[in-house]
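Below, subunit A partners subunit B and then partners subunit C, in two separate complexes.
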Partner chain A sequence: MLDLLRRAQSLAALSGILVLAILISPVASDGSRIFLQPGNLTDILRQISLIGIIALAMTFVILTGGIDLSVGSLLAISTTLTAMALTRAWPHASYTSHILRAILASHILRAILAAVAVSTLAGAVNGAVISALRIQPFIVTLASMIGVRGLAKWLSSNENIDIGFGRDVAAEFAAVFRQKAIVIGSYACAAALFWILLARTVFGRHVRAIGDNEKAAEYAGLPIRGTKIWVYSLSGLLSGFAGVLYAAENHQGNPNAGVAYELDAIAAVVIGGTPLTGGKGSISGTIVGTLIMGVLTNMLRLKNVDSNVEMMIKAVIIVLAVAVQGRDSDK
Partner chain B sequence: MAAPLLEARDVSKRFGGVAALRHAQFSLRPGEVHALIGENGAGKSTLAKILAGSVKPDAGRILIDGQPAAIASPLDAQRLGIGIIYQELDLFPHLTVGENIVIGNLCFPEGRLTSPRNVDAFCRPFLEQAGLECGARRMAGSLSIGERQLLAIARALSMNARAILMDEPTSSLFDDAAERLFGLIRELKDRGVSIVYVSHKMDEIFRVCDRATVLRDGETVETVEVAATNAGEIIRLMVGRNLQIAARPYRRPLGEVVLEAHGLTSGKLKDVSFQLHRSEVLGVAGLVGSGRSELGAALFGLDRIRAGAIHLRGSPLQPASPRDAIRRGIGLLPEDRRLEGLMMRMSVIENSTLAVLARMQKLGFIRRRQEISALGPVVRQLALNCPSLASPAASLSGGNQQKVLLARWLLLDPDVFFLDDPTRGIDVGAKQDIYRIIDGLAAAGKGVMLVSSELPDLLRCCDRILVLSNGRLTAVYDAKEATQETIMASATSFGPHMRKPVKDAP
Partner chain C sequence: MTRGILMAAGMVAALLATSCASAGKKQLAVAFSQANNAEPYRAAQNALMAKLFSQDADVKLAISDAQQDNSKQVAQVETFIRQKPDLLIVAPNERAALTAVMGQAMEAHIPVICLERDILQPNYTSYVHSDNVAIGRQAGKFIVDHLTKKYGKPRGQIVAMRGLLGVEGEINRDRGAKEILDQYPEIKIIADPVADWIQAKAKDRMTEVLRSQPKIDVVYGHNDPMAIGAYLAAKELNREKEMIFVGVDGLGGPAGGIKKVMDGILAATFVYPLCVDKAVEIGNRILHEPGFKPDKDYTIDSIMVTPENAAKMYEKFTVGN
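Take a look at the complex of A and B:
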């Protein structure tokens, strides 16, 4: 009942913002509203995809009562490694025949897997340290946010690794993975998977139970350590995957990528109705939260609102959203 | 007759679809002890919270000294001279005992620093009166649940209230501490303080209360003079029918030894040895802090075992964690359902099946239908009263929350049950149900260890009773031969009174 109300609240907020966006949208020369043009709507979806993907796993982390500040750095290491693998390991080969295209695909796949594996592993280390040494997640992930960023810069000698537009592996990779359909499709698939994971599986139930009352979860014999390690690994996995998409989209591996992404992801989760204390929340809420942020940004950009003003408006929205939810969540 | 000190007229309150109170009437005279009784979920706590300003009624009026009063917050209530001891003991675990007493306390002199010394000086008399024997500087989170109850009492005393609402203040107190509270109540009464006393323990009602108001399904059934009635009559008013008090079951023949402890020593326990048989209900008695809960903690892998050995079904057991203990076949129903038991924001069904999800899944996916069908019989067996199985645990009354927790362990169905005060906050009728369930577990060949603050219940339920005092086992009684007096004597003694086994010289 309460749950429904709260979900309805964030949906209502989203619809409100959508209506506002339509109303104030500039009008194109053919009389249509620019906001509603298919190109613009899919642009919004593409723009929110990276943060959206990261926010999915962030929802799990926050549900357990934790936080993951390292997601931006994990994205950076993954994006750097992807670009390095594609440009340095297989630099100048160009592929034309079918057989060669298969080799190309396997090169790309291996580069992606390597990059995602490293960030997943880093996430697992976060989880292991948090649960074994019982240090607060904020501190542990703050440390890895700094450390992993350092690693990414060190590996790349603090330089962007450019992916060209030629006919080599790297360029082929970018051409495929920057397509709107692939980016948005990835987000949609990840969202569906994580929704099922949270709502339907034993793992999801454990995640919520631990966030609700960790001590009681211990008394009930739940695998607390294992669950936490998995949760932070998933966060690493999705951040890594977002890093791959980032490399394709920006045509480069940038060790300085993803700064402050953790804040956007956390904001999306919180606007979506998951309190930072954990225990309660949903993937659908997080998706709505992400959409709210995305539509808002787009609306303001279409109106050419100064980006600094944009930040101030977002700040207000975050506080408002949480204030409204806070009221009915205490008793 | 003077105007009532505190009066509720036609008070109604709904929580979503549940009517917690329907036109409830209640009136408290100056200087009386007034019992508020009813089954689990009857609306007692809701009424108490409304009078104390922490819940707003949907309709109805509150009068103080015959004048309409606006009690919009707990602070208002305090200003009007109303203090409350909540059933769910909302304390700040990360503050000290003293800080818990002075925080938000209008009687703590304003402008005075909350320096530990000032706090100590302010709190000492109240801690003494309540009988909490620990410094005011101890962390509240480190107190046992019984001690937390005493702390809540001390806090209520410190507010210098004209009326104190006590919602099940003795639910975790053993007899001596409860005794002290009764003395305190008499003193308060002599000073003209009125008390609202919520309890499921009939004997207490008859000992300390002047009048009793019975609630059923949120409605006031009747207010009676306690001296002019009897327990049967009150129970009949509560449940609306005559209640069969289950007789003590005949003795079952005991099975083989299922759990054996030898020289068990942990942080609190010293050299405790006992055997638990299949089909046996083994009681554990002791004062608050005697180590009765620590015994469960040691068996369940929560406390490190320093010396001694445990054997489960003949093989040595060194549980490293509750998870480990559960896997080996030990289930522990924790004493404090809020801190150690329930996930308050999760539903009844999710809470109940939490420990047995492994049996209700396929490839990691939860089989919801199986979940519901497994829970059905247990819910009926426990007579669980909740709006729906999907409602969050927080929305249940205290007694029904306790039943949800019990459901979790019944579903798990381990070989050895360690039930730490399973009837805490449970109404008289439901208590009989729970004792019947315990009998059923024993009949099914389980070994059951039962901790309870209520000696009569231990005597009724158990085959044998262990008595702990200060971490040591001081006596083992056959429940048929023991009396409350002999158990109390052993519980307050500090030396081993157990007959030493005669050692034959080889």
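Take a look at the complex of A and C:
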């Protein structure tokens, strides 16, 4: 019941911001509100997709009472590896006009798998160190945030790896994976999968139980270590996948990509009603939290609000959103 | 539930207040997507652009700051495209990332001026820029002249402070200088650390270089803040008299490189033109002259600033309030 109420809270906040965005939206020359134009609404969805995808797994991490600061660096290593694989490993791979054949048969799939595998592995290492050595997640993921960023820069010799607009596999990859439908579709699929995983599986129940009371979960014989390793691996997996999309969107593998993304993802989770102490929270809440930040950004940009003021307004929203939820759940 | 609604209602009130102010008669909208307000060069661009456009009562300028984040800048340009401004000016953070979205602006029939950094495809109405290779060559010649004067022949040890790797300005300021310096086998670049254009980073990197290099003749900073950071590091170790510091950017104002030449900290700086005056000039003609066909490419020349002309240049390049 409390959970339902909390969800209603953030939904109410989102509705409020949506109404506000519609009310103050500038009007186009044809009289329509720019905010409501389908192009603008899908812009928002595309723009939130990367953080949204990362925030899904971050929800799991935070539900266990942990935190993952390394997601931005994991995104960077994946985006760098994707571009390196596409431009250096197979620079002369042939171009095919049929995209589906190209993806399945060729290098694109292998490049994506390699990049995502590395970031997933890095996530698994995070989880293993956290559960085996019993070091706080904040410290372990802080270390990998620094170390993996260094690895990404070292691998690429500090350079942005340009994908370019030629007629080769790399350009073909970017052309496909930067499409709005693919990006938003990926977010939607990942959201659905992670919602099922949390709400409908034994694994999801374990995740919540650990965050609710780790000692009790341990006495009940739940697989704490295994669950934690899985949770951080999933975080690596989704950050890596977001990195693949980032490479396509920006036409490059940039080892400096994703700086401070962990904070955006954590903000989305927290606004969505998952407390940092873990135990309670939901994927739908995180999606609402991500949407709130996305709509807010778009609304303020459409009004040309000064970007420094934008940051101040966001700060207030984050605190307000959490204050509202915290107080109700005390009752 | 009620609190959620209250919170939203409060925000409605606050933002309605700001939105009412902007309702008025039809104005020409100019949107400027800036890569990163935090760099002094870019802050100067913003200030000059705001000043020049404010002379036109019917032009309303909006500036967005991408905080050196490609995705953020793409999103901001997309949002500008929805607003259908009469003119879009983009100072791209990085070439590859902005190419496609600027193409979308062109497809939406918005005139686009690409400012200072180029993109991979000519997705713009006009590209206003300076020539960094030429600036690098000028700096290289200045360094060779200085060393020749110092030793009677061109020889010496140089430290180059490099900006963000992969960026056009960094590549070409490096290339132009090397074109000249490489002609003299006794002139050696003994270290070239990367300080990402940032003064604080340059100070740290220079400190390491100073620890390992007993003899340095010239520091060539690919921008003024890095040259100044290197100077501060040398001063801390009492070695600033041993070498000269050369920078690029030559901004006006009390914090700019020209002032540092006047103060004797930099031996020379090379003005990297803000390109804004030209962009605003072309922009105004696009806005006000229906038949105007701008060129695809405008190159703005650099000026060398040394103690001899620094005071005059300071006056010229300082944007007054």
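Throughout what follows, the second predicted complex is superposed on the first by the 317 of 331 C-alpha atoms of A that agree within 3 Å, B and C clash if a C-alpha of one lies under 4 Å from a C-alpha of the other, contacts with A are read in each partner's own complex, and residues count from 1 in each chain.
Operating definition for what follows: a contact is a pair of C-beta atoms (placed from the backbone, for glycine too) under 8 Å apart; a residue touches a chain by one contact, two chains touch by 3 or more.
Not measured: the values here are computed from a predicted model.
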When subunit B and subunit C are modelled together on subunit A, clash or fit: fit
Touched partner set for A:128, first subunit B, second subunit C, both or neither: neither
Comparison of subunit B and subunit C by subunit A residues contacted: C
Subunit B versus subunit C as contact partner of A:171, first or second or both or neither: neither
Which superposed partner A:279 touches (first subunit B, second subunit C, both, neither): first
Subunit B versus subunit C as contact partner of A:208, first or second or both or neither: first
Contacts of A:320 with subunit B and subunit C, given as first, second, both or neither: second
Partner chain in contact with A:219 - subunit B first, subunit C second, else both or neither: first
Closest approach of subunit C to subunit B (Cα atoms, Å): 15
Parts of subunit C lying in touch with subunit A, wherever the complex brings them together: 1, 3-5, 7-9, 11-12, 15-16, 18-19, 22, 31, 37, 62, 64-65, 67, 69-71, 74-76, 78-79, 82-84, 94-97, 99-100, 120-121, 165-166, 194
Interface residues, subunit A side, partner subunit B - complex: 1-2, 200-203, 205-206, 208-209, 212-213, 215-223, 279-280, 331
Contacting residues of subunit B [partner subunit A, same complex]: 16-17, 300, 302, 321-323, 325-327, 332, 334, 339-346, 350, 354-355, 357-358, 361, 364-366, 391-392, 394, 408
Subunit A residues touching subunit C - in the complex, by the definition given at the top: 5, 8-13, 15-17, 19-20, 23-24, 26, 28-29, 34, 37, 39-40, 43, 47, 50, 158-160, 162-165, 178, 246, 249-252, 254, 257, 259, 297-298, 301-305, 307-308, 320-321, 324, 327-328
